[in-house]
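Heads up, the next two complexes both have subunit A, just with different partners, subunit B and then subunit C.
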Partner chain A sequence: MKRELLRIMKMPLYWLVIGGGMTIRLVFAYFDRLYRQDSFWNSFADFWNKIGAFTMAVLILVVLIRLFSMDREHGVQDVISSTMLGRRNLFLYRLFAVVTGACIGVSVLAAANTILSALFGQGIALNNEWIMAFLTRTGIALCGSVGLSVVAGAICDISKSQPVTLCICGIPFIISIFVNADVVRPFELFWFFRYGFFTELMRGRLLQSMLGFWVIWYSTILVLALAIAIAKRKERKEL
Partner chain B sequence: MHLLRAEWKKLRTFREVWVGYLLGFAFLSFSIYMEKDSSSLKWFGVQQNIYAYGATLTAFLIVIGLSHIFCYERERNTICLIRTAKNGLMDSYVAKIVLTVQYCAFVIAVIGILSIVVNGYRFGFADALGKMTEGVYFEEVPMSNLAYCIVQYVFLFLGALYFAGFVLIVAVIAKRSAWVITICGGCYIAFLGYYYVGQIQDNWLGRICNFLFQYGFSGFMLQESYSRLSATSVMPWGDWEQIWKPILFVIVATTFEFAAVWLLWKRKEQR
Partner chain C sequence: MSLMVENVSKIYDKIPAIEHVNFELEYGIFGLLGPNGAGKTTLMRIMADLLVPSTGRVLLNGQDISSLGQAYRNKLGYLPQDFGVYPNFTAEQLLLYIARLKGLSKVQARRETDVLLELVGLSDIKKEKLSGFSGGQRQRVGIAQALLNDPQILIMDEPTAGLDPEERIRFRGILSDLSQNKTVLLSTHIVSDIEAVANEVILLKKGRVLKIGKPAELLALLDGKVWTVTLSIDEGTILAKQYPCSNTVHFEGKSTLRLISEQQPHPAAQPITPNMEDMYLYFFR
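Our next item is the complex of A and B:
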């Protein structure tokens, strides 16, 4: 488990994606400081709405879940799955490593956003409400990121293909960004796209209406993805 | 010919291609179904389909389908084997480029035929050969409704090749299909977002974005660049007489892209 986590931490792309996200935030913070001082701290609190959510989505779908398709890419899938701990245990270790990687990613992004905002926001009046709003949204984004990494990891393990996972998990994420919340009604197709694929949570927003339904929905998705992935891992050995 | 057949066979083994086809077909069916309310627009409505869903669906299928073909040999470590064969690099490059052209033609033919046939079936083909009276990008086009629809899909094909060239360049550089999908898909979505909401910005950043959109692949896929580059200074629409300009531009740009792919493909990896 520790080795899998270290493998993630040693990936240059992991830090490159986080660095890319923070560079964009730096540019925005600089321009906010110059031209939009009245909404500077509002942008700080709203970090997860766009930059943070996108960075985390790229981090999970492009970097973290590669752990599950690596064996197949290198042609060692059959050998690994024939070992004693190479099936369910390895899957769970990797899942834990991916979830931990996502949590570290959220923490680093939140810390970097705070530091950047503190640096550029010197002299601009700060309201305590914004700090509380940012902390609350960070917590919600953390839940969303953990959920997406579990589901994406399970799908990647089932399909053994990162591009397939990118299609299945990335498209609902993108569609969700484009769907106008005022236009969709409950139980419509786009309503599910808007709220049903972790994007809303990753953007730091709580699902306010029909909370009970969404708890059941997300629990079902998570349990189903995990159950299928574990069942598939138990299939007959090839070697 | 054998190589080309092998490339097609290889393409069929990529799992993401089948998932892409499935999602693409669902999206196309949904889009055509949603078009039922705009049947009153008749052929004018069909002509708008390209930027309603045709271009985006084409871009999606190109990114999913072509992101892997130049990464496959490096992923499987067979690139050294290709290098040892006589003309191995050149032959495989030609096969991959022909596959790209055929794949783009296939995708656009499916979307175009389905769109024209389903919509034509809804309101009838009676006016299909009638003279085109209304258009968004060109004031007057001397051809029938159906012919203009087909011409638009040919324009989309040229734009798709332009985009495919970009995908191949990124694929040769990035060498990993997940990154190619993210970078190329992200670029297309960014330009699509700019096309819908960003064009009101009139500062230096807006002008750079406008330039990139106008001369980039998305402008040609969304048909906007064909009218912009053929427009004379007085007219807000494109001038049909000047349509050769954007066509020439897109062909030259695509040729440069394919040449760049060759230069990147044949370079030796530094170890």
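Our next item is the complex of A and C:
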């Protein structure tokens, strides 16, 4: 797993995406400091709602899951599959590496948001509630990111194509951002898009209503994605 | 050790790629020879446990390789036809990575990598990115990775493709040294490679095994069937259309042809000793 994680950490794009997300946050923090001091710490606590969630989605769908498609992309698949540990073990190592990469991403973004906000927010009154809110939302965003990375990783392993996975997982993410929560009713299609594909969690929001249903829903998605990936690997002689 | 291919067939969309293939390999170098589309790559992928056969099985010492799983792959070195690389890796990094996947310890991986890079003549550029490597250099990396775990079974699909003559000679030397206690199966279009190193040759045509035998035995089948004749260019052109011709040399207004024929193709034709290219034409044309 360490080798796979190091591969991720050595990808320039990984740090570029995090850097890009934090640059946007820096610009917002700067203008909040100048013109919206009253909501400065609110923006800090609300980091995961837009910038954080979007950065993590890009990080997972553009960078992390490539571990699952790059063998096929570069024609190394047969060589890897012919090695002793290149099938089940490597699949697990990569899955753990992608999840760990997502956790590190969330941690780095949270730390960077805290440091940036602390630097720019000097002199602006800080409420403890905002810190707690940020920490809680970071925890929820972490769960959402882990979930998306497992499902997207499994889909990428099935399709062996990062662009295909980007579409399959990216479209629900984008739709979720734009669906107005007030106009969707339970069990409508767009209600599933709004809440059912990790976006809400990645935005640091807990799914408070129908919690039992969502636990079953998300467990099913995770198990199903992994089960299909395993079945496909068996079929391809990669397990 | 015995690697047995038992009644193996592979059918893609009702079209058989290989049909009822049976043979047994023990120690030595075995050449797989056949024209494009004969099913060589399919057969090699099945033998490398990368493809499920439609019927039949491959047995290592009597055990199905599918059920052996990791234990089989631990004994296997495989070079695919189109060996790809991670372009952002160096040759050394790629070999270290594959070595670890082959279950070698860090120390073993480092040692093996250094030895093999030296063996394939890439140690001076081992720190360079693979994206800048030529086709031949990449192929040498492929050969090195196949040898990483000191495999007992080596399956190489067109290993000499892209290698220059010097590299091919070096590769043949490596294979000969390795063949003492290993089973090596290699396919190539370069018939002279098989002639130089193979202990036995498997001829594959349209998915079926045509013949298996030692090169000398196969060549003996052509005794008295290979002829050389020197004629005018016009006469030579006509004759070359009538008989399989393995070589033509034009010199001073004359053509010297090397023809394959059961009977003497021309009154002036003289029988000559057959070679593997003649054999290839004889069986596959």
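Just so it is clear, the second predicted complex is superposed on the first by the 235 of 239 C-alpha atoms of A that agree within 3 Å, B and C clash if a C-alpha of one lies under 4 Å from a C-alpha of the other, contacts with A are read in each partner's own complex, and residues count from 1 in each chain.
Keep this in mind: a contact is a pair of C-beta atoms (placed from the backbone, for glycine too) under 8 Å apart; a residue touches a chain by one contact, two chains touch by 3 or more.
Please read these numbers as outputs of a predicted model, since none were measured by experiment.
Looking at the shared chain after the overlay, A:62 reaches subunit B, while subunit C stays out of its contact range.
Of the two partner chains placed by the overlay, only subunit C lies in contact with A:78; subunit B stays clear of it. Looking at the shared chain after the overlay, A:92 reaches neither subunit B nor subunit C. Contacts of A:3 after superposition: subunit C is touched, whereas subunit B is not reached. Once chain A of one complex is fitted onto chain A of the other, the partner contacts of A:70 are limited to subunit C, with no touch recorded for subunit B.
In the superposition on chain A, A:112 contacts neither subunit B nor subunit C.
Overlap of the subunit B and subunit C interfaces on subunit A: none, as no residue is touched by both. Touching subunit C in their complex are the following residues of subunit A: 3, 70, 74-76, 78-86, 90, 237. By the touch criterion given at the top, residues 14-16, 19-20, 23, 30, 64, 67-68, 75, 177-179, 181-182, 185, 189 of subunit B touch subunit A in their complex.
Residues of subunit A that touch subunit B in their complex: 58, 61-62, 66, 73, 159-164, 166-168, 170-171, 174, 189. Taken together, the subunit C residues at the contact with subunit A in this complex read 45, 48-52, 70, 73-74, 76-80, 82-87, 97-98, 100-103, 142, 145, 149.
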